[in-house]
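Right after this note come the structures.
Same chain, two partners: chain A is paired with chain B first, then with chain C.
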Partner chain A sequence: MNTNEIIPRLNEVFRDVFGDSSISVTASTTADDIEDWDSIEHINLIGAVESEFGMRFKMREVSGMKNVGEMINIIAERGK
Partner chain B sequence: MVFSRLFFIYIFLPLCLLCYAVARGTKAKNTVLIIFSLVFYAWGEPVYIFLMLITAVVNYTAGLLIGKYQGQKGDTAATVSAVVYDLLMLGVFKYSGFIVENINALFSSSIPVPNIRLPIGISFYTFQTISYIIDCHWEKVKPQKSFKNFLLFLTLFPQLVAGPIVRYSTIEKEIEERTITLSDVSYGLNRVALGLGKKVLLANQLSIIADSFLGNIGSSTMLGAWYGVIAYGLQIYFDFSGYSDIAIGLGRVFGFHFDENFKHPFICKDITEFWQRWHISLSTFFRDYVLYIPIFGKRRKYGGLFLVWLCTGIWHGASWNFIIWGLYYGIFIFIEMKIGKKNMKKIPVVIRHIYSKFVIFVGFGIFYFEKLDKLGTFFKTAFGFGKNGFIAVQDKISLMNNMYLVIVAVICCFPIISSIKKVSDKHFVTKATVTSAAAIASALILIVTSVMLVDATTNPFLYFRF
Partner chain C sequence: MKELVFPFDSAYIMRKKRGLRKELLSDGSVRIKKKIAVLGGSTTDHIVSVLELFLLNFGIEPVFYQSEYNKFYEDAVFGNPELDSFSPDMIFIHTTSRNLTCTPESPSETAESVKSRLNEQKDIFKQVWESLEKRFHCPVIQNNFELPLFRRSGSFDGWSTCGQAAFIQRMNVFVSDWARTHKGFFVNDINYLSSVLGLTKWHNADDWYLYKYAMSTEVIPELAYSIACIIKSVYGKNKKVIDLDLDNTLWGGVIGDDGQEGIEIGPETATGQSFSEFQSFLKGYKDYGVLLAVCSKNEEENTLLGLKHPSSILAPDDFVSIKANWQPKDQNIAESADELSLGIDSFVFIDDNPAECAIVEGQLPAVQTVPMTSVHDAMYALSRSGYFEITSLSADDMHRSEMYAANARRASQQKQFVNYTDYLLSLDMTAEISGFEPVYIQRVTQLTNKSNQFNLTTRRYTENEIQQLSTSSDHICLCGQLSDKFGDNGIVSVVIGKIKGNELDIELWLMSCRVLKRDMELAMLDELVKQAKSKNITELNGYYYKTAKNNMVSELYGDFGFTLIKKDENGDSVWHLDITDYKQKNKVIKTKEKELIK
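Here is the complex of A and B:
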């Protein structure tokens, strides 16, 4: 899967999880850019992304993600 | 050795700074730091220093093995062995008495309770080694090849005994190479003075109020219980954040940039925010290494949350009140999560402030009383079911005598210094004025602190016992 396919689907997930239709994620988006994105919401987000792309993140990935770009790379590798 | 002792301030530190300045090159400076750090630790722990050194050897070796067998079975084996060793040491030296006591109580057995003294700083340095090992395993950092450098990371005396829990990744590069500017030194020394002031001028004084009202909770009134617990909460904050200021300040003088450990926690509007501002190095540790543990399946959000707060409680001490205290916070975080951030924001700010401060200070009550019957008396007294009424003469006298102390303490909970800096940095004249004023203030704090410490017999930091 390539980045162009992933971003629109990922964006929907973000809007849904954070209840904000103005969100527009890019590879460089970080938790600092989205006000409500804290450690608890991160679990919600990971769960939602996993079910959207039919895949599982490893703990090191969940814990170590620095920006959306890293998430996209993992999805590109293993997502459906 | 304790930062807030004249020996440290006027002999140990100047001597260390002198040797550090004389030493040429990072390697020599590192040697100076290691020697002084080991002396610093051995001063209070002449025996357990060997435990720390063994822990250093074990984790250093495990790090090398993880690097050698990256991604293979050997990597996992080394990771698991090191983490198990670290947790086992913490378990034996911190919790064995507590575990045996509870087994005895549960099964009416009479296993002799081991009387093991807690090695200073073990809770902090163990978490540092665990984070190092897991980060090596996750390939977030490269294992440190030099034992000397690893020892420096672990023993660096500013942060050795009571945090912040400095991650290897934070100072990885600075261990090998760092530059120290004059502004680093000036910032660091100001920060040290600030921390000393918080500890000696505020925390130590507040502790007198806390101990006289909470220490004798059986004879306290309702007002006395609240007054005592507020003084205690402020005491812990100034004690622990003062320690962190000194640690961060000293780190900076030696060229290290540690992460902040406190960000004015009492200005928070809810409990979730409180924990983003309080003892940050501990909560981020649990966030990164516990919260996302994949053992709860679909319930991982709640399972992870429960585990984090159970661990937070247990980490603070081998006593039921700390476990209750941890889970108590877990419940409020859970409730806030259920209400949702959007709905939380709809609640008027004043109400959120009252709610959060109420929860936090009741929490400090739970934190204070290690004996559960005393904790029960505290709750009865604080909520109007005590036997000593609402107010008594001793409350009024103490309030009158300590009015200025409490007012200054409350004012110091706000981010005053950063607010002043934000405004003054805009113009060089105001910037120079504020910089000079800060230097004078630091010198004054140091003088007053020293005078107060001449008579002080003992004043260890509260977090030494964790």
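Here is the complex of A and C:
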């Protein structure tokens, strides 16, 4: 799957999880850019991304992702 | 909200929970506010946020206290100023098998050693429950324990001295024993829930290592729903009626076409057997106080023919209302609700025709519909939906159906009288009005939580609060039982007054709608005045707090002869009565001094 297919779907997930329809994610978006993106919402985000793309993140990936770009790379590799 | 009704989409709820919350909070519903303390043995954040959604949808607006991570024991046993000042209405203890700290370690352990481990483990939880009881006197919901996914020794783990699963099962017996012997203590059965969802789905070790969730985050909505069902049941928000279609719902085939001999019910065919099982399952609900009704597009004569089939388990007498005609079903349901003095929102409607379900949902959104795709599916939906989650069972529950049937006989007698007073006299009514005797505590609590229409203040009480009021010297507490020649209605009215010098503030006045227009309220007032006078009280203050459902009693105090003191814009009112020259009002009900049951 390529980045262009992933970003719109991923963006919808972000908007739903953070309840904010003005969010527009890019590869460089980090937790600092979204006000409510704390460790608790991160859990919810990971779960929602996993069910959207029918895949699971590995533990090391969950705790190690630095920005949305890294998330996109993992989805590109294993997502559906 | 449809998204939150069983069977729900868990992933959707988790993803959309912020939006759903916003929508619920802005829908204009009136909800009761409750303070819920969640004492966790693992992470609870998402459990709480999803629980909030389900409770809002059940008409309860919760405020939460959450213990610090895995501080359930410390909070309960040593207390915590924050929790104390929170003063919870209800406590949920979210512990799981992850919190069993004394499980056996080695197959070389003797039975004695495992037994002492078990006792040590039980003591830890016992300490938690006893301290909470002492500190807060409020209902407690406790998870039991789920089975482990991993078993080093296979089936041996479930029965051997040293088995983990064997240990867990013994703890579960302990938890159930405690619940049966302690009022206001309820088990959230995660042992069932994890089994029904599958242990492979329930457990997710990654979610434990990463977030310290004791189960997969995927199943959090299922867990939260199970807790929400117990809470709404405690606050009297269960459904009350199962309204059933007939053809292909209670039997196979169409009675109008196939005739009595043609429908499938009974042991001869597989389909017949399935409907027999369904009918038995439904009939069993009657013993839990759930009412059964029929709503079918049929000729009434055919309906009765079907229900009188020699293999039919349900008979016409099992139903409190039978509507068999060609009117739209939503109209029939609304009429049944009216006749039974029940709200539309207490109905669950089961029909094999999806179009009928859709029409009812469209016309009466408060009715819960269950599509009868198969007997198996319908029984599963009824089992998992929590519509009839039981948290207390009074003797009245087991006879509710008979009481409604007696009401129908009274109605037919009423037609024979021109004068209403003559009719009331003919009923030969006797009231027994007493304080909150121990045997009535449960029923009184139940009534305070489920009466909506004939309820002046709609104050809800927990069993512990009713217990405390029952012995309070600052209160006059009355509960009234009404029987007549057709049967005993059980406890039907509750009044609580707070004594303030020579005045009595009536904090609660409620009556079950099954005894409307029988003058029972006058008998209650007579007794209240009598007891008030014996305590040198000369004035009564009555309060009416308007809700969406209690309009029928907005003028009750006025009808009693109270003077209106104040009426607020929102419809609330305050009333006053000087009882110095009070004249007895009830003329149709005999009153009997209660024989105290020891």
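Basically, the second predicted complex is superposed on the first by the 80 of 80 C-alpha atoms of A that agree within 3 Å, B and C clash if a C-alpha of one lies under 4 Å from a C-alpha of the other, contacts with A are read in each partner's own complex, and residues count from 1 in each chain.
Throughout what follows, a residue touches a chain if its C-beta (ideal position, glycine included) is under 8 Å from a C-beta of that chain, and two chains touch if they have at least 3 such contacts.
Since the model is a prediction, treat every value here as computed from it, not as a measurement.
Of the two partner chains, chain B and chain C are each touched by A:Gly47.
By the touch criterion defined above, A:Gly64 lies against chain B but remains apart from chain C after alignment on the C-alpha atoms of chain A.
Judged by the touch definition given at the top, the superposed model places A:Asp38 against chain B, while chain C stays out of reach.
Look at A:Asp16: by the touch rule set out above, it reaches chain C but stays clear of chain B.
In the superposition on chain A, A:Pro8 makes contact with neither chain B nor chain C. In the superposition on chain A, the residues of chain A contacted by chain B and by chain C overlap at 19, 40, 43-44, 47, 59, 62-63. Those residues of chain C that touch chain A in the complex are listed here as 11, 14-19, 22, 45-46, 206, 209-211, 213, 217-218. For chain A in complex with chain C, the residues that touch the partner chain are 13, 16-19, 40, 43-44, 47-48, 51-52, 56, 59, 62-63.
Per the touch definition, chain B reaches chain A in the complex via residues 137-140, 272, 276, 287-289, 291-294, 300-301, 304-305, 333, 337, 341-342. Residues 19, 36, 38-41, 43-44, 46-47, 59-60, 62-64 of chain A touch chain B in their complex.
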